[in-house]
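Got some structures for you, see below.
Across the two complexes that follow, chain A remains constant while its partner is chain B and subsequently chain C.
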Partner chain A sequence: MAQEYWRWSEESWINPDLNDWKGACLTAGVDIGSTSTQAVVMADKKPLSYASIRTGSNSKDSAVNAMNRVLELTGLQREEIAFTVGTGYGRVNVPFADKTVTEITCHARGANFIYGPSVRTILDMGGQDCKAIHCDENGRVRSFMMNDKCAAGTGRGMEVIADLLGVPIEEIGARSFEADQIPKPITSQCVVFAKTEVGHLMREGWTKEQVLAAYCQAMADRVARLLERNGMELDFAITGGIAKNIGVVRRVEKLMGVTALQGSYDSQIAGALGGALMAYDLLEKRKRRGQRS
Partner chain B sequence: MLSNYGYEDGSGNYYITIDTDKCSECGEKPCLQACPEGIFQTELDDYDDEVVIVREEARNRLRQTCAACKSRDRMASGDYVLPCLKACPEGALKHTW
Partner chain C sequence: MKPTIAIGNEYIESWKKAGKKVVGTVCCHIPEELIHAAGMLPIRIRGTECTDDRDGETWMTGYTCGFCRACLQNLIDGKYNFLDGIIVSDGCMFIQRLYDNWAVIGNTECKLNINIPRNHDKLAVNYFKDELQIVKETMEKLSGNEITEEKLNASIDLYNQTRALIREMFTLTKGNEPKITGTETLQWTIRAMSMPKEIYNEELRAFIDEAKQREPITNYGARLMMIGSAVDDPEYVRIFEEHGGLIVTDYNCYGTRYLWSDVTRQEGESAIESIARSYLEKLTCPRMTDLHDEMYEDMLGLAREFDVDGIVYVRLKNCCLWGGESVFFYDKFEKEGIPVLTLEKEEITTNAGQVGVRAEAFVEMIEGN
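Coming up: the complex of A and B.
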């Protein structure tokens, strides 16, 4: 079988520093994105375990598979989780969710946890859309702006280019900086047309690194315009899969004149992590309301 | 959060903006009764707070639906306030046009 360069590696993780979590309040967040699905379990709002897998053709199965990986790692049963939030593009397909919450709310909450309460502007670069979010010191959304018109400027667009150029997706960012000379940024808004444009550049004799630089620059230009329209307020953080591509991140930073915060957790789990935190808050709120009524 | 309901066309922007942080503080939601066209309804937001939203079927024709309340004669009188804005005790509602 031909090598699939777009295939990023799936991950699962258990917190090695969290041993004494028996008896804690366990909450979960499951983020079904268009391209990847994450499940996070937290014990008393501390990350216990997560899994990040590719979203298959069936969103419901993706949610179950991601959650099962976390359950296997932790030895938990699903019934032991007190509250689960489903989020992301496919949130209505999380069969065991107690509530669905928009990914905008969850990403803001997750970014607040990962990068700290000073975060005010979040750029969520997902598989098929891109969002600029403003939040307060509690990670509560104040405003947002979204580009979901097409895959250009998103993770899926990057996957298509990785496959076309035969460059493993993890290497794109670093290799884009190896170019000494850069063609004009790819102008096409549509990934299908961008593929044609990349083909033209290759035939003109530009190297893979130079073409990658042009594509990363084009993607950075697009998201910078989105950030400008929604307004930039410091501190700034990037979530989603593209946050791992330094070719885009460094170019966005340069265009906006800012430096993105570095977090101690995988940027791709921000939505699910935020979901697990929301689950805890919602459970507490429902308990308080139940006591009052 | 500022939630915008409405649309933009060649003639302008027609959005009703609801500040859900302010709206969730209001228990009675008097705007529901105040709107003669009944364009508002409530729902539980992401935080499980009850907030007002604009009905989906009303979002794409706000200019026409709100036209009676915004008639030129009424708007010309200096002290006239739209019924929904007048009813909202938290100042959570805004119209862009």
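Coming up: the complex of A and C.
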């Protein structure tokens, strides 16, 4: 089989520092995005375990598979999880979700946890859209803007370019800085046109690194406009898969004149993590309502 | 809930069978009273029911607004073959282009294009009165009926009854116990522009009386007001209402703006003068250059009156009237503590899921997550 340069590493993780979680309130968030799916389980609002996998052709199966990985790692049964929030584009397809919440709300909440309460502006760069979100010190959304017109300028667009140039996706960011000269930024409006432009640049003799620099710059230009439109308020953080691509992150930082906060967890799990936190709050609300009635 | 009335519906069929004529308009600044007074049925042309506008795009190009392209497509597809006449205005740039194209390729018996001033001073009202005189004469010729002062006054009275009923219908979305949805109100205003007002007024009266007896709607998270370009598809409104919102009022030329403020009479005015003045005074969209501040005051007043939690600002792609208004929105509403969700829209909705995510997130934001 030909090498799949786009394929990013799926991940599973269990918190090595959390040993006394038995008896804790377990909540989960499952984020089915267009490109990746994450499941996060928290114990009393502390991250216990997560899995991040590729979203397959069946969203429901993706949710089940991601959650099964977490269950295997922790030895938990699904019934032990008290409340689950489904989020992301496929949120209605999480078969075991108790409630659905949009990814915009969950990303703000998750970013607040990962990057701390000083975060006010979040850029979520997902598989097929990007979002600029403003939130308060509690991770509550104050305003947001989304751009989901095309896969160009998103994770899926980056995957297409990785395959086209034969560069492993995890290397794209670093290699984009190896370019001494940079061609004009590639279109960020249409991934099909972007592919054509990449082919044209290669035929003109530009190196892969130079073309990658142009593509990363185009992606940064596109999201910077979204950030400008929604307003930049510090602190700033980036979530989603593209947050792992320093070729885009550094260029966004330069364009906006800011530095993105560094988090202690995988940027890709922000939505699911936010979902698990929302799940805890919703459960508490339900308990309070139960006590009143 | 009644489904949205079809373009070619049973009322139009009966009307035509009786040997009477139908005249279509596009912009709500064209006074239907003049068509009605000639004994003809005025209906409003819409883009609803269009699922593929490729001919509209071929004629008008992709640089025009999707609403006008869909209207042209519906005309080309023969959905408006029952029309005997069509009156278009320079309500906006692309409606004008719609007329230009239909004037060349269309088969409608009578095609009339009028100019409507963009301000409302005395000079403008006089000019508009002259334009309406042309409409009057054209309608008399098309129908074979003279439009007398008495007939025109009777039409004004009938239309004012419709306006009063529509305003009454919207009271049912007010307060803590709303009885009807925004999907329904848009269905009813569209119904008003698709059938004889005499029958419509009776139907709407019955609907209001029935709706008053309903249990209040409780399964919503935020009271929303939809403002912006022409939204003639209640299914678009339904997206918001299926994601936790309740559209309690609007500023939409197919919604409240169609028939809201009465045609009023002033001492010494003829009926046509009253119509000219009232239509230029009515607050509808940013086309009226000397009523811009008043329009925002009116929108804000409605938002307060209907206890709105958030504004959904919808702009059709390439809309020459509402496209550039966002610069004012944040200042006019957010300063008042009313959040705004801005959405770009195509006439043919193919992104219901994407709109739904935004709608739901907006409601979650208002609810405090």
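One rule holds in what follows: the second predicted complex is superposed on the first by the 292 of 293 C-alpha atoms of A that agree within 3 Å, B and C clash if a C-alpha of one lies under 4 Å from a C-alpha of the other, contacts with A are read in each partner's own complex, and residues count from 1 in each chain.
By definition in this document, a contact is a pair of C-beta atoms (placed from the backbone, for glycine too) under 8 Å apart; a residue touches a chain by one contact, two chains touch by 3 or more.
Since this is a predicted model, take the numbers as computed values, not measurements.
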Room on chain A for both chain B and chain C (clash or fit): clash
Touched partner set for A:Met146, first chain B, second chain C, both or neither: second
A:Leu282 touches, of chain B and chain C: first, second, both or neither? first
Of chain C and chain B, partner touching more chain A residues: C
First (chain B), second (chain C), both or neither touched by A:Tyr89: second
Partner chain in contact with A:Val101 - chain B first, chain C second, else both or neither: both
Clashing chain C stretch [against chain B; choices 171-179, 189-197 or 207-215]: 171-179
Doubly contacted residues of chain A, that is, touched by chain B and again by chain C: 101-102, 105, 140-143, 278
Chain B to chain A touching residues, read off their complex: 1-2, 21, 46-48
Residue ranges of chain A in contact with chain C within the complex: 89, 101-105, 108-109, 139-146, 148, 278
In the complex with chain A, residue positions of chain C that touch it: 339, 342, 353-354, 357-358, 360-361, 364-365, 368-369
For the chain A and chain B complex, residues of the former touching the latter: 99, 101-102, 105, 140-143, 278, 281-282, 285-286
